[in-house]
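In the two assemblies presented below, chain A is common to both, partnered first by chain B and then by chain C.
Moving on to the complex of A and B:
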């Protein structure tokens, strides 16, 4: 009798967990496997699903051996990440520490910093187009009227400055998120430890490096890893700036064409090659995997050393 | 060791979840292949395949549509519903640039396509190759392409020669000009006199230099080098692709040379087309000329020149060296349409009938069909409060259209167009870039993006 009761009880965990696993397999595992299968075909929307053929690794060979635009997009993505991730990690930390110490106005500044993060991306694209327009942009108007520049800069018209604008946009938009995470981390550090250190003669800089940073280390590691992964998914910011009818894919000199923009363009915009598009996404997946392995190795090694 | 394996598995799973986010869902099922004729309930009297007869006015049905032009949609559907009050429309707004992606995704996943499918010119060559269109020139529709203006014919067919859609309206383009500025700098605001003054682009450049000097560099002939180049390249009427060869030098070199001359002579401003600053320029009175299609009047000029209403700000004229077909959207029937009989009735009404033409005329569009203008000559008249007394309708029909050389569509035109944007942006930014360098750069970029072609 007892064993029967036990048997019926065993079903319940499976039943309760089933919906999650059903969704997980339907919306994560199945599409992932199916996309892998697609990447081994020559599926083009124009010829239709019925005419697609299995072509083995040809898409991957083309991608890694001869697709210069893929490497260019990858290079652009790495460049953006190398610049904006350190700014966000260190800038967010500094800002959080400064705001954490403010008493009366900390809420106000926190809200101001978080506002860009919750602003609609399309609105951000329009705001930045107005700010950085060559002939009518607010920034050029200020710089020329202040006598700093004789003639306005074509911010969105040349490769280097277009990249700079994208980086400014990313930092401006995401700083609030980093700030929130750091503030949450700072609130977990016991006040007594800092106070005891101060009593023992430590100054603010020493407290910051010897107490605050070590306490925040797990959060910093989390932010670095998630930044790298989201960095490979960078799409909205450069896409919004260069999405009008007469823009080229990825802006001037294709300087802001990230891997995700290239994937989207090849699959749905300029071309209709679903098979090759799937190969690009898996190619990118391999790159993300390798980079994540390297970063986690470095972090783990440092943890073991310490 | 075990710990490391666990970490590795966790990492791969984590990255795998990211991969899952990047990939799309799909299904083997292709609804396009399903030969499913839906039963139209409540219309039992409609039998057979004779699509030439009009439907009874109490006909009931629903048509779905994806589109981006609310003004057009409202004008034609409201007029249609006056004739067929029991017909309903389900309209889904879609950005015109997203259309190819939306159709592709629907085809790939087997989800429903709209009954009435739109196709904008930018991606039309590709969209028309998708296996989703009813051939309107074949039974039971039997549409005769000669019913619409001839210059539109190459833009309504796919590579097999099937008519996949009928143009919603005419979209010829000439030049719009600021009358106050032409009067000040050229002594006249009469379109005929201006056309005599500008028989070709060289005289345009020479006059532009005079304007630059007289105005102290404050007034320009054109807002930007990109849209000037786009206008000039379309005048050629030459196909960009022949077989497996992209004819870059033959069909695009001259437009790049003229674009460089425009830039070096300081007759064009630096504005990038379709940016907020470019739109705002229509109200600033700093640019004398701009390309002007039929749709430019209600979409570009009127909303961006708030002081221009009843102020006789603008005029319309033939462009030096000919006019172009600019833009345009077709209406077609998808293979999965549930009531093809009704869909054809609507398309015929919207694009070919006199009643449809009247509805279009009210919102400033000119129907693409020839017959309505013969049946009701007043449909040729279209005036805008921004253009004084000038009859824009008559000018487009009688003056602009006869001077259009229409270019044949090719599958990868959209990629060449996009690459040209890259080049004109570079020309605009780098004043030292020559036309030859621009052409070489164009060829290099095309070889990267369209590696299957030979680029000449």
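Moving on to the complex of A and C:
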């Protein structure tokens, strides 16, 4: 590697990195700082730049002190995550272990199950609004034709069932992704270790808890943390689920309004208050940061105990 | 006897997997079914068997301008993928091959920046694009892929693990210039990883809804996700047409990805297993 240290080469790494940082500063750092400045102003995009007033932290004070809808949207987001993350973490693990035992390279099942994950989220929202539609929905058709129900349930019409539909949607969409991440993790466990344990008299359950789970720990941590971060981004599917003319943004009683829907709706649709919208996006970022830190702290502490 | 138990066990193991796989496929089945029926058939609940109205429904959608959305999405996603791959490959190459002072700091910086959600820049970005007169063009959707921390991270992993550094040495001894070495040796050698990254970025760009809906207002400029949203509200009474719109926006890309699943699945898993 000696020749790499030659003076003539010194400028090259910087030249190779230049385009990345050029784009990074122009199209990420600059707009991020710009958003931050906007969040300190009272600015409605309809009224033009001339009417932008600097108001300090007032947007943030309003957001955290008195914005009930912000807290409602955060609450919805948390509720969804509390339910679907455990389902995906355990369900994905179970499926992966079963599939791995059967056939280590079963790409067919992986491919089938990952298709929902790569399907356009907007389409998923609309597909589910068809499946669960009151009058023409496939689920109601099945349930009534099978005689289980006399009359279809208005799934998307009330808060509790609408939330159920969102959770089913998220689990349906993501299960295949969890499955394939776990499978990738399982394939890194050296077989000799579990074989040696079996020779020493360990049974399969012991092998699972003492060898497989510890080996998968980094992956489980990765999945939990990325699920939390992406959970706060949840937007397209619930937004489109209620895109019919008759339904309101975020579903009945705003029961499915996620933080991102609230941010988008306040900034670009129902109102055009860019200043307040920018404050929502930064406030949300703060919440995500704090939650991720707390969760990783909890995970690390458990690690020290065990 | 043990063999019988094993095959019984296999079947027991297979049942949950098959059930989950069927559930994964059910919505797609019904979308195709909807696309092949007329609205009145759908209202009657005749959707369990495919019908014969596919061509009529497709005609409705295509006369509504859906092919335009297709083209917009396609070339935007392709350019996004190319831009991201090119810039990420250069950056990843710099950070893995050269030893220079700022190296560790810059690698850590790029990897840490993956944690910052993009939406905090969204409002500023939209206004920046407005000031650059790029509203209602596809440039904002492409430019945002110029600096992808994930892209750099992903290619760095590949270069670190599977790139033969000796090759570079011999190229240098042969007097090949640094940039030429990169283009003629590094890029071809990195093909599998570049292909995977291109597929991922293509998919993310293709699926993106939030950013296009802030920078595109003219329907001739719409990409597929905006087109789906428009059609879903435009043909409220024509369920067959809505089904057809969903089918042609979703299925072709799923088929392409299913065919390339070998590379693609590796790409999805790469971040988790090594990171």
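One rule holds for everything that comes next: the second predicted complex is superposed on the first by the 293 of 306 C-alpha atoms of A that agree within 3 Å, B and C clash if a C-alpha of one lies under 4 Å from a C-alpha of the other, contacts with A are read in each partner's own complex, and residues count from 1 in each chain.
By our rule, contacts are C-beta pairs under 8 Å (C-beta built on N, C-alpha and C of every residue); 3 or more make two chains touch, one makes a residue touch a chain.
From a predicted model like this one, the values you see are computed outputs, not experimental measurements.
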(message) Taking chain A as the common reference, can chain B and chain C both be placed on it without clashing, or not? Answer clash or fit.
(response) clash
(message) Contacts for A:233 in the overlay, against chain B (first) and chain C (second): which applies, first, second, both or neither?
(response) both
(request) Answer with first, second, both or neither: which of chain B and chain C does A:181 touch in the superposed model? (result) second
(request) Go through the superposed model and pick first if A:101 touches only chain B, second if only chain C, both, or neither. (result) second
(message) So in the superposed three-chain picture, is A:116 touching just chain B, just chain C, both, or none of them (first/second/both/neither)?
(response) second
(request) Using the touch definition from the top, say if A:296 reaches chain B (first), chain C (second), both or neither. (result) first
(request) Look at the residues of chain A and decide whether chain B or chain C touches more of them. (result) C
(request) Please indicate which partner A:244 is in contact with in the superposed arrangement: first for chain B, second for chain C, both, or neither. (result) both
(message) Let me test your reading of the model: by the given contact rule, A:252 touches which partner, first (chain B), second (chain C), both or neither?
(response) first
(request) May I ask you to decide whether A:17 touches chain B, chain C, both, or neither, giving the answer as first, second, both or neither? (result) second
(request) After superposing the two complexes, find the one stretch in chain C that runs into chain B, choosing from 21-29, 75-83 or 129-137. (result) 129-137
(request) Please write out, lowest number first, the residues of chain A touched by both chain B and chain C across the two complexes. (result) 27-28, 30-32, 34-35, 38, 126, 130, 135-136, 229, 232-233, 243-245, 260, 263, 268, 274, 278, 281-282, 284-285, 288, 292
(request) Provide the residue numbers of chain A that touch chain B in the complex, in ascending order. (result) 27-32, 34-35, 38, 45-46, 48-50, 66, 68-69, 126, 129-130, 133-137, 154, 156-158, 229, 232-233, 243-249, 252-254, 260, 263, 268-272, 274, 278, 281-282, 284-285, 288-289, 292-293, 296, 300
(request) Could you pull out which chain A residues touch chain C in their complex? (result) 1, 3-5, 9-10, 12-14, 16-17, 19-24, 27-28, 30-36, 38, 94-95, 98-99, 101-102, 107, 109-116, 118-124, 126-128, 130-131, 135-136, 138, 141, 145, 172, 175-177, 180-181, 183-185, 188, 219, 222-223, 226, 229, 232-233, 235-236, 240, 243-245, 260, 263-264, 267-268, 274, 277-278, 281-282, 284-285, 288, 292
(message) Applying the document's contact rule, which stretches of chain B touch chain A when the two form their complex?
(response) 7-8, 11-12, 14-26, 28, 30, 32-33, 97, 100-101, 103-105, 107-108, 122, 126, 129-131, 226-227, 230, 269-277, 280, 411, 414-415, 418-419, 421-422, 425-426, 428-430, 448-449, 451
(message) With touch defined as at the start, can you tell me which chain C residues reach chain A in the complex?
(response) 10, 13-14, 16-17, 20-21, 23-25, 27-28, 30-31, 34, 42-43, 45, 47, 86-88, 90-91, 93-95, 97-100, 103, 106, 110, 113, 115-125, 127-128, 143-144, 146-147, 152, 165, 169, 172-173, 178, 182, 203, 206-207, 209-210, 213-214, 224-225, 228-229, 232-233, 236, 239, 242-243, 246, 249-250, 253-254, 257-258, 261-262, 265, 268-269, 271-273, 275
